[in-house]
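These notes open a run of structures that come right after.
Same chain, two partners: chain A is paired with chain B first, then with chain C.
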Partner chain A sequence: MDPWVVLLGWALAIPVIALAIFRLDRRVDERTVPFMAILAAGIFVAQMLNFPVGGGTTGHLIGATLAVVLLGLNGAIVVMTAILVIQCLVFGDGGLTALGLNLLNMAVIAPLVAYGVLRALKGHEGAAVPVASWASVFLASLACGLMLSASYVISDGAFGIIGSVAIPAMAGWHAVIAIGEAVITSGVVLFLKRVAPEMLEINGPEEAGA
Partner chain B sequence: MSRRGCLKAAMVVLLLFAIGLVGYFALSAGSPDGLERVMEDNGVEEGDQLWSAPLDYGGDWGTAFVAGLIGFALTFGAVYLYLKVYLKGGSARRKA
Partner chain C sequence: MELHIDRDAEGSALFRFDPRVKLVCIFALIVLVSMVTDAAALAFALLFAVLLLAFSRVPPVQLARGYLAALPFISLSSLTMLLASGPGSAMAMALRVSTSVLLLLLLVRTTPFMDLLWALRWFKVPALLTDMIMLTYRFIFVLLEELERMRLARKARGFQGGRSLLDRKAFQVLANTIGMVFLRSYRRAGQVYAALLSRGYDGKARTIATYRVGGRDLALGIVFVITGVWTLALQMGWYVWP
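For the complex of A and B:
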């Protein structure tokens, strides 16, 4: 990645995450702390499990939509940030410089898209979660494709991938991977609705107040 | 959520992970994910790492499961501690 694109990633991601942390502070209560921590840990292990999508490529869950459904937007941003930082620092998944862009895509863009779709489709129970999951992955991958293309242009081809290749390739693979995200997220949400409906209500006040 | 509920949820997540790993090694291990595939197809190499991480995700069922356990515990601990400390600060501020 081009250094300028890296800097831009950090510059965009940090204020949003800081705002989410600030706003979360006013919402979180003693009761939800262990639940948030378990969910974060669960999403961490879920991200390790790749599933094949054909053509010798695999995909794995991002989990942003699941986090938004269960914790609201601010909670999801904070949880996704924690997961990505640990993946980067402890497991070397994604370099330190790329962390800003990864945060922007998976801890900011993906939860924002999921939140937007969930709100827009409020009342359409069956469609909201799968559509939000699919869109969050697809748009985050599109953003990643744009970053790769921007790197290519700014660095005169030294970094990144030319846009005419990067954007369709990222979008193409992730349109399929996003179906996996939609199926898994919907499955988990339906399951929780059945066995532990109170979990889906934790973010109620935040949604109403947001 | 009660302490018991949390413990149960953690056990369920880890059990599903243990089972999921079997599928992962049967079907997906070694294949690139979406981003890695695009990078590979276009011959983009990752640059030198500024930071070398102490652990990786493991190469077989056992090591990957241990990596998952460590990641689960670390993520749980980090979010839990952070929120606890933050809550303490928050309630102190509200009282002040």
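For the complex of A and C:
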């Protein structure tokens, strides 16, 4: 990645995350933080489960939509941020420079898209969750492809990948993987609706005003 | 699956150094390295990282394991660079990512995780985020054990994992598993909250870390500055020996 693109990633991600933390901070009591943390750990662990895609390849969940459904937009942004920081610091996934762009893709763009779709499709029970999870993964991967090709252009080929390769490869592949995300997220939401409907109602009233 | 990143911290030669100094030095060098394109400069930075790791006495097995975990990422990015922009950039990419990974490993392997978070909080990272990272980190291992039990149970029932996105049964099982992980963590949150309360939790995490920046921290900082300047000099083509 080109340094300028990395810088831009941080510059775009940090204000959104800061705003989410600020908004969340105003309405948390001391109960909320442990509760969000355990859900974050749940998403982290869920990301470790691979699902089959085809031809022997596997994909795994990102979980942004699940986080939005369970915690609302601000909660989801903070939870995804915590997950990505832990992955970066503890498990060395992607490294520190990639963190800014990972944050932008998976902790900002993906939850925002999921939230937007969920709101737009409010009332269409069956469609909202799968469409939101598909769109969140697809658009986040599209953004990633755009960043790679922007890096390539800015640095004259020293960083990044040329756009004609990066964008179709990232977006095309993830359009398929996103189906898995959609199926699993809907499955989890249906499962929770049946088994523990109280979990899905936590973010209802507060989030409308936020 | 269990991961104890704190296990080697106390035995390491860098353990007693102030985590704030380590954090700044290592992050700064990683940022610098991420901008360098010259192979010689990157090789120099990599050499420094390896020497520092040798000095830190972190067990090589642990380091190798951490590096191997990042290897798919390194080889994938280098391979795409090789195809897209030639062997020079691919080589630089491999050196760059390796250096960043090793420096980050150096930081997390020689610093207890709680002290790292304390340092982050000192640098004004919001408490909401650091507290959540701390608690999430503790819960991950609990849930991983849970997941492992569930995986074993799935296997015992003859679950195969499925072959493609069209495998309805596999996805049903996976979705239910993840749903169950959430349900169990949700049920557990109440108990965890009670346990935190009984230990005096009032919505604010406190640490007993006491660090002061001393002479050796200053020395470490100077070593990092020299390395950074030297790397930069190699990158910019300034005349330096050798």
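FYI, the second predicted complex is superposed on the first by the 200 of 210 C-alpha atoms of A that agree within 3 Å, B and C clash if a C-alpha of one lies under 4 Å from a C-alpha of the other, contacts with A are read in each partner's own complex, and residues count from 1 in each chain.
In this text, a residue touches a chain if its C-beta (ideal position, glycine included) is under 8 Å from a C-beta of that chain, and two chains touch if they have at least 3 such contacts.
Please read all numbers here as calculations on a predicted model, not as lab measurements.
Engineer: With the two complexes superposed on chain A, say which partner A:86 touches: chain B (first), chain C (second), both, or neither.
Structural biologist: It touches chain B and chain C both.
Engineer: Quick check on the superposed pair: does A:61 touch chain B, chain C, both, or neither? Answer first, second, both or neither.
Structural biologist: A:61 sits against chain C, while chain B stays out of touch.
Engineer: For A:70, decide between first (touching chain B), second (touching chain C), both and neither.
Structural biologist: Touch partner of A:70: chain C, not chain B.
Engineer: Between chain B (first) and chain C (second), which does A:170 come into contact with in this model arrangement: first, second, both, or neither?
Structural biologist: First partner only.
Engineer: Can A:3 be said to touch chain B (first), chain C (second), both, or neither?
Structural biologist: Touch status of A:3: second partner only.
Engineer: Once chain A of both complexes is superposed, is A:180 in touch with chain B (first), chain C (second), both, or neither?
Structural biologist: The answer is second: A:180 touches chain C but not chain B.
Engineer: Just checking: does A:191 make contact with chain B only, chain C only, both, or neither of them? Give me first, second, both or neither.
Structural biologist: After superposing on A, A:191 lies in contact with chain C but is clear of chain B.
Engineer: Shared contact residues on chain A, chain B side and chain C side combined as an intersection?
Structural biologist: 21, 25, 28-31, 33-38, 40-42, 44-46, 48-49, 51-53, 78-79, 82-83, 86, 88-93, 95-97, 161, 165, 196, 199
Engineer: In the complex, go through chain A and note every residue touching chain C.
Structural biologist: Touching chain C from chain A are residues 1, 3, 6, 18, 21, 24-25, 28-31, 33-42, 44-46, 48-49, 51-55, 61, 66, 70, 78-79, 81-83, 85-86, 88-97, 152, 157-159, 161-162, 165, 176, 179-180, 183-184, 186-188, 190-192, 195-196, 199.
Engineer: Within their complex, state which residues of chain A touch chain B.
Structural biologist: It is residues 21, 25-26, 28-38, 40-46, 48-53, 56-60, 78-79, 82-83, 86-93, 95-97, 141, 144-145, 148, 160-161, 165-166, 169-170, 173-174, 177, 196, 199 of chain A that touch chain B.
Engineer: For chain B, which residues count as touching chain A in their complex?
Structural biologist: 1, 3, 5-6, 9-10, 13-14, 17, 20-21, 23-24, 27-29, 31-35, 37-39, 41-42, 44, 46-47, 49-57, 64, 67-68, 70-80, 82-84, 86-87, 90
Engineer: Using the touch definition up top, name the residues of chain C that touch chain A in the complex.
Structural biologist: It is residues 3, 5, 27, 30-31, 34-35, 37, 66, 69-70, 73, 80-81, 83-86, 89, 92, 97, 100-101, 104-105, 107-108, 113, 116, 126, 128-129, 131-137, 139-140, 142-144, 146-147, 161-167, 170-172, 174-183, 185-186, 188-189, 192-193, 196, 201-204 of chain C that touch chain A.
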